[in-house]
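Let me begin by handing over the structure; questions about it come next.
We call the chains A, B, C and D, going by the order they appear; numbering starts again at 1 in every chain.
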């Protein structure tokens, strides 16, 4: 099976290239980049020296990709640009996995409130948001256009959805604080992301209005059956990769740590990438970076009757490119962990 | 005025030495350390090469300090050990500023629940917890034994106390997430604090049971007039110094961003170390490290009616040694900012 | 083929476990650790959660290992301890790959000058130092005991040996400066390796007397035909992994950049892990960490007639555990890159 | 005395502002920046919140500065731009301390080979390069235009000049490797200096042709009486500030460690910012960051008869802005350490 990547020179594109080059079931035959067209892959991504099989970046041309022999195409582009490609590739019969926000949000008005005008609203009804551990498997046959989830949403939805669905926690006063590595901002040459500015620096940002809220709350509603509003406080941490998320949520009456873990065990019995840590142990981003895992843990505070739920993932891996490969694996009938361990 | 430091070789002791060596109104004449007795100051604290005025670590001997000509003594010791010194020094007529937890908590039972047996319970009634921006100034004449606040408590109490006292926020569902540099753990040669373990690592720790809760909640009660229970979620961040704290708290009915800032302005009109940032701007630990400042900001989320309050401080400076010097300045009638800017 | 690791809880042991668990041709069936005997693998190495196939650390017992069905055993132990195991395992017919210094140095007197008394001098004659890119392949049939090279030596020998052998550079005034990540010091709970001490800190150490000198100079002599003395200046850099080495060496009369690259190309034509960068481009540790590669580059300074040669490798991978697996691959007739890309 | 800074928003400009705001003998009354004209100082340099005395960035206008009541003006500008200002300010009678390279190199041809066309060659004869510890004090009366030294040159010249001058070391085969924090590259929004690119990355750069060579070699010749060519290998280290330099240089016949230290002690007997460490102890950037110090040490390798000399300094402090203030102190007759400890 031949696969391609559009926009392969950002941080998530780079990891995607690396994963697909080693994937046992697919052949990466096209990588595109407006900026780097014509350059050998390893010149742009030096970590791949010796592994790039002579691949050269081509220009990002939607029509040419539509006419190619690629079976599946990953879009690792900014929002807006992704929709521009999808509206050419999907009608041409390609399977598309989009890592941008363009098709994550089913409700057009919500999308446009957070992201501005949608470039391909007609595709929205056929697109599917797929968080493999949470989306019912029927999506595989229903669509040719999959939206891979955002990094923060993955870190919040995986721990929270089962607990809300199973009535272990309440739906009010949910507070999610997340600490992200700097790669979450992408490879942007802006002063704010310089080494000297970010090293030894921790700070909140995007309070009240972060774009991932749209996706988090829509999914919470769709997957747990009722509208849910949360406080989402993202932060930047002085590290390259990783997201550590801490969710404080009031326990339902009678809920215990054991009922929380039972809910998780039921939801993730066959999920190879979800690891449950003992209550009291806390996930550490350093333990998941470079893996497609998400580690979870929970304690119940007897003083406040809140659960404090912690998760850790690699924002570029389980939070982006690894999860996109996981989606491909499921979609194409490969083992779920193929190319990911 | 002659001052001394007991236990000057930890991270806060080291900063305290550095501040007192440059202080215009006092003379640092004694530094003690069990481990380093006999060594020149700059051999143990190489950052002070050329500035140490020939000072040599002496052994930590309470009786000798009691008999010395020191006017004021700082204790930079683990809890327990600090009380052991205080019970010799205070009766000998010395002024003591203790940086440990031993005298921060007025209620003995609370102290012992979190820290174990108190080594000098008889001194508790005369000790005063002094957070300069919040403690009414009468303390100066009332005591010879001051407890300097903890790092996390400072970062939470400074933003929260005025808002609770003025009725700008509610008292329930308060969630404080804090993100501390590794120096908060002290200079402990433990595997968990090795460079390789902590670099590129973010994680929660001490959930539900962190010792600073005792101090935070007692002060919230004493300063705002009612028992207050909070969820306190501390985290380790891969940086040396700094605490970034984010408090989510429901707004009181009718409260606005402006009422929050009005409350802060009233409380901190003459506080030289509190900086209010515009709503929407967030404090950054990198901007306060090396200063005695605490930077504050607040937004009100129209969707949740929560305030999200952010603060940043240097855990060793405003969170420990700088604040201890600030206390000394006030106590001795020096300018509040002497030796601190 | 069943393999085991003695001392699997240090940094190189940890990476070795991770590599062998995924290796397509071998089965890791024994991991030992005095400290962690009885604990599940993933409890000690959380990065392996979900991948550890139920392995449990056993105690490090040489006789039991000698009697086991293991075909090949890796020793990831401090020097001295490694020899203690080798002298039981080798006579029992096991193949042994030792990651310590114990069998790297053929000359006993040299070994003892740098490391103290040797614990198994009788084994020295049959041991082979194997740097796969440089050691002639006859070693495979000659020995049951292989010494894997040290991290610094690898970073210096790979670029330097061909140039000396081919007469491209002179043998005098060779200066090698190397800059290592902190994991090079091992997982030692010492104050010097705490996060707070090492972050934002660069410094030379071990000048004049670093133990790796013994190995570097003996190999230079053996591989290039004449005694060679170098200045070796190791440094600590604030990073977890990686070694960047810069060697200044006078060019032989008439030598050019092209002759240096020709020498390298001849030596490494079929070496899958050596990458030659264009002259003027410099290797970056960030590009090789997590790989078994060593990247090389050279410039010739027209003002000084010195070559300045740069290399970068991952000290734990090509500098230790990855190279040990590469040695196993060659020894056992597996593809050289098996389990390493 | 009124002083001003042109170009105060780069990293060295920022530190200069901070130092001059606290300086006991001068009043900082003008700070200029093309980019930030009109903004309050603390808005651009948040570390100065509460300390900026209401200063506002003005536009960088040479004629206006020439007509102002400023006594002394610091230029913290890129080369070329600095000369453009100097040629207006110096004829107007202002004292000027330039932190750029424009007036560091006495020989015009050398300057232009490294930096391109000089913007004010007519000023060169009256300019003085002042490294306070090395430049004979007659400069104070001779000039109105001082060039403050570069960061790398300071770290090499201070240890090396006395040893060459006193014949302790030879003049051939000198190799200087230096490791600089990322702030050395300035506040440039380029991909190469992003946090994600530089964290955990060490690499050589600018080999053979770094611009500071011009200054290093001219000063070595001028201060030690003979042309001297060195190999200078700069590297980037993953830290914000600091330079660790290691110089390998053959000992003169009969030279000993003691003769090296004697040479240094003679040269720096009254130098408040030079600290000599015991032979065997090595300077650490972490110990000098935030100070105007340069720490020195030397060992003599009995095997190679090379001295290995190490120095550490803060590239922005002793390597730039602190040294500029030190120059001002000497020039204006203030205590050399005023505002610097």
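Here is the rule we use: contacts are C-beta pairs under 8 Å (C-beta built on N, C-alpha and C of every residue); 3 or more make two chains touch, one makes a residue touch a chain.
From a predicted model like this one, the values you see are computed outputs, not experimental measurements.
Student: State the pair with the higher C-beta contact count; candidates are B-D and A-B.
Tutor: A-B
Student: Most remote chain relative to subunit A, going by C-alpha centroids?
Tutor: For subunit A, the chain whose C-alpha mean is farthest off is D.
Student: Between subunit A and subunit B, what is the gap in Å from one C-alpha centre to the other?
Tutor: 39
Student: Please tell me the distance, in whole Å, between the geometric centres of subunit B and subunit C computed from their C-alpha atoms.
Tutor: Computed value for the inter-centroid distance: 46 Å.
Student: Between subunit B and subunit D, what is the separation of their C-alpha centroids in Å?
Tutor: The separation of the two C-alpha centroids amounts to 37 Å.
Student: So which stretches of subunit D touch two or more other chains?
Tutor: 181, 197, 199-200, 238-240, 284, 286
Student: List the residues on subunit C that touch subunit B in their complex, please.
Tutor: 11, 181-183, 187-191, 193-200, 238-240
Student: Can you name the residues of subunit A that touch subunit B in the complex?
Tutor: That would be residues 173, 175, 177, 179, 181, 197, 199-205, 207-208, 229-231, 233, 235, 237-242, 244, 246, 248, 250, 280, 282-286, 289, 299-304, 306, 308, 310, 312 of subunit A.
Student: Under the stated contact criterion, what part of subunit A meets subunit C in this complex?
Tutor: Listed in rising order, the residues of subunit A that touch subunit C are 22, 46-47, 49-51, 199-200, 272-273, 275, 284, 286-288, 290-291, 293, 295, 341.
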